[in-house]
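Two complexes follow with chain A in common, the first pairing it with chain B and the second with chain C.
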Partner chain A sequence: MALTDRRRVNGPALPTSIPFYDTPAPAPTVSRSPTELRKIFLKTSLTPPASGSAFYELTPPSTLKLTTSVYGPRPLPPSAGFSPTARVTAELKFAPFSTRGERRGYVRDGLERELSLQLQIAISGMVRASAYPKSGIDVFVTVLDCEGRIEEMIGVDAAEGEGERASLGAMQVLTGAITCASTAIADAGIECVDLVAAGMAALVEAKDGKDMVVMDPSPLDGWQVRAAVLVGYMAARDEITLVWSRGEVGVEEFTGVMESAVEVATKVRGVVNDAVRERLVALLKARGKKEGKKAITEDVEMTG
Partner chain B sequence: MPLLSPPEYSYLRTSLLSEPPIRPDLRSLTAFRPLAAELTLLPTTHGSSRLFLPDGSECIVGIKPELSAHPSFEVSIEIAGLRDDDPMAVLLAGMVADTIRAQVHERLRTSGNWSSGAAEGMETAGGAQTRGRPWGWKLYIDVVVVSPPASHPGGLVSLAVHLALRDLRLPKLVSAPEEDPVFDDDYEACEWLFPREAGAGGIPAVREGGKGMNKADTPAVTVLVAAVGDNVLFDPTREEMVVADCVAAVSVTRDGSVGGLRMLETGSGGENGGVGRKVVNRIVKEVGVAAGGLFESLDQIVRTSI
Partner chain C sequence: MPRHKTDLSAESYDYDDDYEEDDGMTEDDRRQMKAALKQVRQTIGGDIPGVTDADIEETLWYYYFDVEKAVSYILKKHTKASKPKPAPKPKQVVVAGPAPKKDDVGQGFGYGFGARTAVEAGYFLDAPWGNVPTERLGCLIEQLPPVKMGLVGGSGGPKTSKLAALAKARKEKKLAEASGAAEPTGGKPLGVTKERPSISLLSRLSHKSSASSVASTSPSPTPEPSAGRVTPILTTNTNINDKDKTPIGSPKRLQDLDQPRSPVVEEEKCDLKAFKEDLALKAVPSSFATSMFGSRLEFEARFLWADTKTFDILTGKEAAKVQQGFSGPSPDDVVETAQKGMGGAKAKADKNGQADGKGSRDSGAKTAPSPPPSPKLPKAKIDVLKAYGESSEKDHVNFVVVGHVDAGKSTLMGRILYDTGAVDERTLQKFRKEAEQIGKGSFALAWVLDQTHEERSRGVTVDVAVNKFETEKTVFTILDAPGHKDFVPNMIAGAARADFAILVIDASTGAFEAGFHLRGQTKEHTLLIRSMGVHRVIVAVNKLDSVGWDGARFEEIKQQMAQFLSNAGFNEKDIAFVPCSGLEGINVIKKPEEGVIPWYTGPTLLEELDITTKYARPVDKPLRLTVSDIFKGGAQNQPTVYGRIDSGYLQEGDVLLSVPNKEQVTVKSIVINDEPRPWAVAGHNVNLQISGFDELHLRAGDLLCHPTSPLQPLKCFQLKLLAFETLTPMAVDIHRGHLHAPGRISGLLQTYDKSNGTVTKKKPRHVAAGNLASVMVELVAGAAIPVEAGMKIVLRSNGQTVAAGIIEK
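Right, the complex of A and B next:
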């Protein structure tokens, strides 16, 4: 197989875990109202060598944790050829310990490729690429912890496992990755037209058999998901950079779910703004102190 | 190297934005490029199709079934001129699998001797196939894009897979669920995975009276759509994709509902910003409206191929 990882000691392919004879976890219950969003912890500049970085975490019981580092704008290698605009590349990677159960390998698999590409589409719309000719901006997202399972897809037969419930895992990772990457790009001081924030909403089957829209659904909530829509949304310009929908919906329903996702993204944007501002204020304060203490004739130290 | 020079870019974009919009090949906005199709061409497969565009893009699909404890399917795509692990092939395979998953799973669950309700009760939580469990089918859907594609092969591949699935005939199981599988040795007794229209070409339909087919009776199809300003173009060429604000792959079922939507790279690499919500809604709506005609012409292909 071409994709085997030969460079590392990988351990057995199918390890077994130590059995714990514990009482089984209770069936998931929905504790939030369908319109209540989870709180997000977002902090910038935690990776010193990178031009910009951000850390994203959802509050428990959600376990999603991501970190992003942005390198650039830096010169493209000569082999890349001429580019009149900046080339934005994004790479999303799951840490080997990020998933429950089976360990993830180091070599990129299909899911990582797919999420990387979608992330790249979502964020390349926000960077003012024409301001940086002949340069590359590289965004690396590492998923430290996932929520729920990520492999399964929507619409998979429920008999094959917890397909319906697990389906949101991959989409949720991408939602976090877009928000986190966008914050890190702003932290790197790269010129942007606007900031992207991602939001997700799902059409679920309620207990009474009717469909309803849930904002920011968690894979652990135990909803019977019929379809889910993820958007990357630039709130100030009222523009969408990415839409990803899964599961079958009618045209009118689709519009409704997308509107909810946009509403979620708009609220998430508030968190992004705060995270970016926090660092900016700290920088300005630091500069003010320095200027206050030292003589003005001294050279200005270039930072950030 | 960018595909279009700045004057070419500007010329093409302006003509697509004009009222009425003018496409380089004078197609209407909702028209597909002329397609030619051929079904049942690979004798060693159980269902196959070949689809080609006038620009030389050509796609061949073959489907082989295997008996398994759990009905499932696998899609693999090979694109000429690209490496095996090229992201394009991986993404296309994922896209096609997402598109057809719902309908194919539903049909597979009623194929083989999985259909009998008693059989389902026999299923246990164990992993391996044991005696006394019903047999279903696992499908291997193999796609070859024969020449290096002149435009994004997503639409072509999806249509070819759709046609191959509708051409798929599975051997008839004559054994009971708890027995080792034995097939009817008459090829004519094979069962279509997806029902044909009743009486078409003298071949019996799985379900009689299939005139008013519903959405589960045919697999969904992915359509590539590009938005330029307020105009929505179907089946964009590579040049049209470069000047577009966004390109979306929308999978659509027979009744016009959306089975999934994802954005694709436009290939321009420049700053596009995003698109308005209105545009996304329009894309979805237009695809929903076009679905009827699209499926009708696919039915036509299937009907004439027999």
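Right, the complex of A and C next:
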């Protein structure tokens, strides 16, 4: 047992048999209306040692689940050199068990690298980096469960079919990661100019052969996705921090899809606000009890 | 260092690139500039004074060679004479937001980077630091909320990108249609998806680059940029909250968007209830989340570990109080000032020192060689005298074995050690074998004590060998002294540590006589041990087996020795005679078999040893420890000194003073007969592990004492002695234990009558052998030796012991 790797989440010690279902998986069906968004459960302060943390999940039948922990602002290591502003780094990691059917390796792969980069771009705009010179803010996102199959997730260049749908899964992970990370940063008490919420919309081929825009598409919905657009959106400032699109789309169509994505992000923002506020309210209540309600009546600005 | 080829090519490419960027103009640009300048000059003619080529060029560059625009700008600017000359474009520093990924969005999304590089290189070159002319100062313009309009060009003629043009066309088309605000319920077919007639996202995205233009062209009042700071927007915007209720594209929404917002979004009191109602997307936790959060699903006070992270906004008094905290000097300042002050004082002192020179040097000398801190052992002091009185340990007795050379001293002692079990059979077998190999089979027992190669090959003892054995009552330490006349000094050293002596006599024919007469060592040793203060002597008549256990021989030796010993000053009751054979082990430990020694009924040698009166130790006298050996410390073990405590006592942690070098050493531990002890008293042969001494300054013969009762080393002393030879004022060697030093008898004071001690003659010319006398002894070589009144000294000359005595003063 001395050789057990304790640094990682290890698999079961004993072999387990893979469940085998002889009934074929039901064909994906579209059960939602194209404008209906899935509900989100978002909650802060899951990880005690982190400065801030959040948990994000979509309601079943969607399975996306991820956690974010934020460490910082903390001093940069000497090797990092001088930085007059805070350095925001983001790392997105898939848990080995996060994908259906096949375990993922521990080693960081291309997809994780790409998603990490996008995440960093999306969230670094919301932090008031100038308030934290010589500091680092490290954001770690762990994907606990995701939708779609992993080996096809990277197939972004495929024009249609599985490949495109699979890439939708990767984008959806990033959507959740941005929203969750933004919440966790706010939970860490880091000064922000606004909060980022992410939204996604896709251009799909309807049954009648026409294109239509679907908000918050899921890879499980079975759409024939032509293109998908993800935006990181700061609603209070009306600013976009990230646009990520996949597939082939014309300019006019692109605009429409992006508008929809922003709309989704705006709605998601309500959940983010509530999640951030939740702890603060509890905190103020606790202090109000302690200090005879003094704290709550005082002019305390609420972030959101 | 030779560079890699690809590196070189890459670098050269970079240089080219940089060059063009720095210059800002390509060759083509310059050509165009020239032509455009000509055109402008022609157009405006000479009627406007004060228009320099540089002005025109700058304007042209700004409008990128659009002659028409440039002319209109220049005319507009220069005809308004009252206005100060503005820069072609107000310098602005736009707070940079994160740029979207260019590749993803496409060029048309226009976060124009060019517009942000407000200050050209060298713009501030001639400006003094901290005093930049106000007209040159840039102003930090706050990030404005976007105005939902199309791309705003620089002047009348729109020059938009293809994308923006498309977007604009689309916008206009939609406005013209002015369709109803009904939102589609199903999927949105493209083109009808957006009811919002206002803006495209493309234009929204581009608001940053055009922010400044917006500021100047916006019809609504612009926020004051003078504050030059960006207030972070931390409050909830009503618009967002309302979004879910308000259909997108409704007039309200439009109105909201079109109103330029203050950078500080109006703060809204947090109405939590109202907000919660809007949370259409909020979900209940799944079973997984419930298990993840457990009882923490509802926030409770005890889970709010980040309590410290909330900040109160201080008002009025509190703020003033906080402010007050910074009114005084900071702790760092205090320290710095103090350090400065100290430095100043030091400098002053140095100055003073230089003034009177000597004083400063004195103080330096005083402070520089700080005494090495003596290690402190925090052990409590023991009352050694009390502990000694209470201790029930076996008596420690040292005895010296003396006798003529080849009397069998070492063999006899080897026999004792072997028979008491101190040496095992195997070792002795080994010695036997080795001794037989070099033809000295009878020496096997002696080899137990004679351990050096020289001693074994020559068959004689050279140095005092120390060993120990135990009986039921006593722990004996054997000091096996050499019998050879060449090593008498070593024998003196051994005798100095002894409580009593075993005088071994070779009973074989002629051997006794050789030792006893004709300057044999039997006599010399006897006199020496007597003069070293040994009172009791056991005469072991050895090798009686060689004369067939002849009782008459024993009697003969006993008679002669008894007379000699009583002459030498031994009491008759302190003398014992034991017949024995060391080689055969008869009457040493074991009783002889019946009939071997029919004429002897007394005790064996060991029994005789055990009949020892408890020796009175001068425990209460000041500590005197004569060092007989020093082992230098290694990497692991402490340096050790070996010696006998003559008087007094010591314990662990004591600080001792070495004489004559006056070095202070600390006792780390005390070992007596291989057992660690917390204390030791007079009579013990001890191993002291010590620290804090320089090996060069301590050597055998030195003396350790307590610093409170130090011994004053003497250079000249009066000695009451017994002369073995005729003494005249002459050169002698002074011996005391391991200590020996050259000296001389400087004066003969008086002789005494042996029987009653009365002075017989003052200032004699010489002292005859066998007489008592008082003499003055001086040391020849300068250094004093660690002796004091009451110590026993041996004087030798030309390899012979000439006298022994006690220091009187």
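Criterion: the second predicted complex is superposed on the first by the 260 of 304 C-alpha atoms of A that agree within 3 Å, B and C clash if a C-alpha of one lies under 4 Å from a C-alpha of the other, contacts with A are read in each partner's own complex, and residues count from 1 in each chain.
In this text, contacts are C-beta pairs under 8 Å (C-beta built on N, C-alpha and C of every residue); 3 or more make two chains touch, one makes a residue touch a chain.
This one's a predicted model, so the numbers in the text were calculated from it and none came from an experiment.
> Just chain B (first), just chain C (second), both, or neither: which does A:Arg87 touch?
First partner only.
> One more residue to check, A:Thr255. First (chain B), second (chain C), both or neither?
So A:Thr255 meets both chain B and chain C here.
> Of the partners chain B and chain C, which touch A:Ile121 in the superposed model: first, second, both, neither?
It touches chain B and chain C both.
> After superposing on the shared chain, does chain C or chain B touch more chain A residues?
Of chain B and chain C, the partner in contact with more residues of chain A is C.
> Report for A:Lys43: first if it touches chain B alone, second if chain C alone, otherwise both or neither.
second
> Touching A:Gly247 in the superposition: chain B (first), chain C (second), both, neither?
A:Gly247: touches chain B, not chain C.
> Who does A:Arg113 touch here: chain B (first), chain C (second), both, or neither?
Touch partner of A:Arg113: chain B, not chain C.
> Which residues form the common part of the chain A surface touched by chain B and by chain C?
Touching chain B in the first complex and chain C in the second, residues 118, 121, 124-125, 128, 193-194, 237-245, 251, 255, 258-259, 262 of chain A appear in both lists.
> Of all residues in chain C, which touch chain A in the complex?
Residues in contact with chain A: 97-98, 100-101, 104-105, 108-109, 143, 145-146, 163, 166-167, 170, 185-191, 193-194, 196, 200-202, 204-205, 230, 232-237, 240-241, 243-244, 248, 257, 265, 267, 270, 272, 275-276, 278-286, 288-289, 292-293, 296-297, 299-301, 303-307, 309-310, 312-313, 315.
> Help me check something: in the complex, which residues belonging to chain A touch chain C?
Residues 33-35, 37-43, 45-46, 48, 51-52, 55, 57-60, 65, 118, 121, 124-125, 128, 145, 187-189, 191-194, 203, 206, 210-214, 235-245, 251-253, 255-256, 258-260, 262-263, 266-271, 273-274, 277-284, 286-287, 289, 295, 298-304 of chain A touch chain C in their complex.
> Within their complex, state which residues of chain A touch chain B.
So the residues of chain A touching chain B come out as 2-3, 81, 83-85, 87, 110, 113-114, 117-118, 120-121, 124-130, 153, 155-157, 159-160, 193-194, 229, 232-234, 237-251, 254-255, 258-259, 262.
> Write out the stretch or stretches of chain B touching chain A in their complex.
1-2, 70-72, 84-85, 87, 90-91, 93-94, 97-98, 101-102, 105, 109, 123, 248, 253, 256-265, 269-277, 280-281, 284-285, 288
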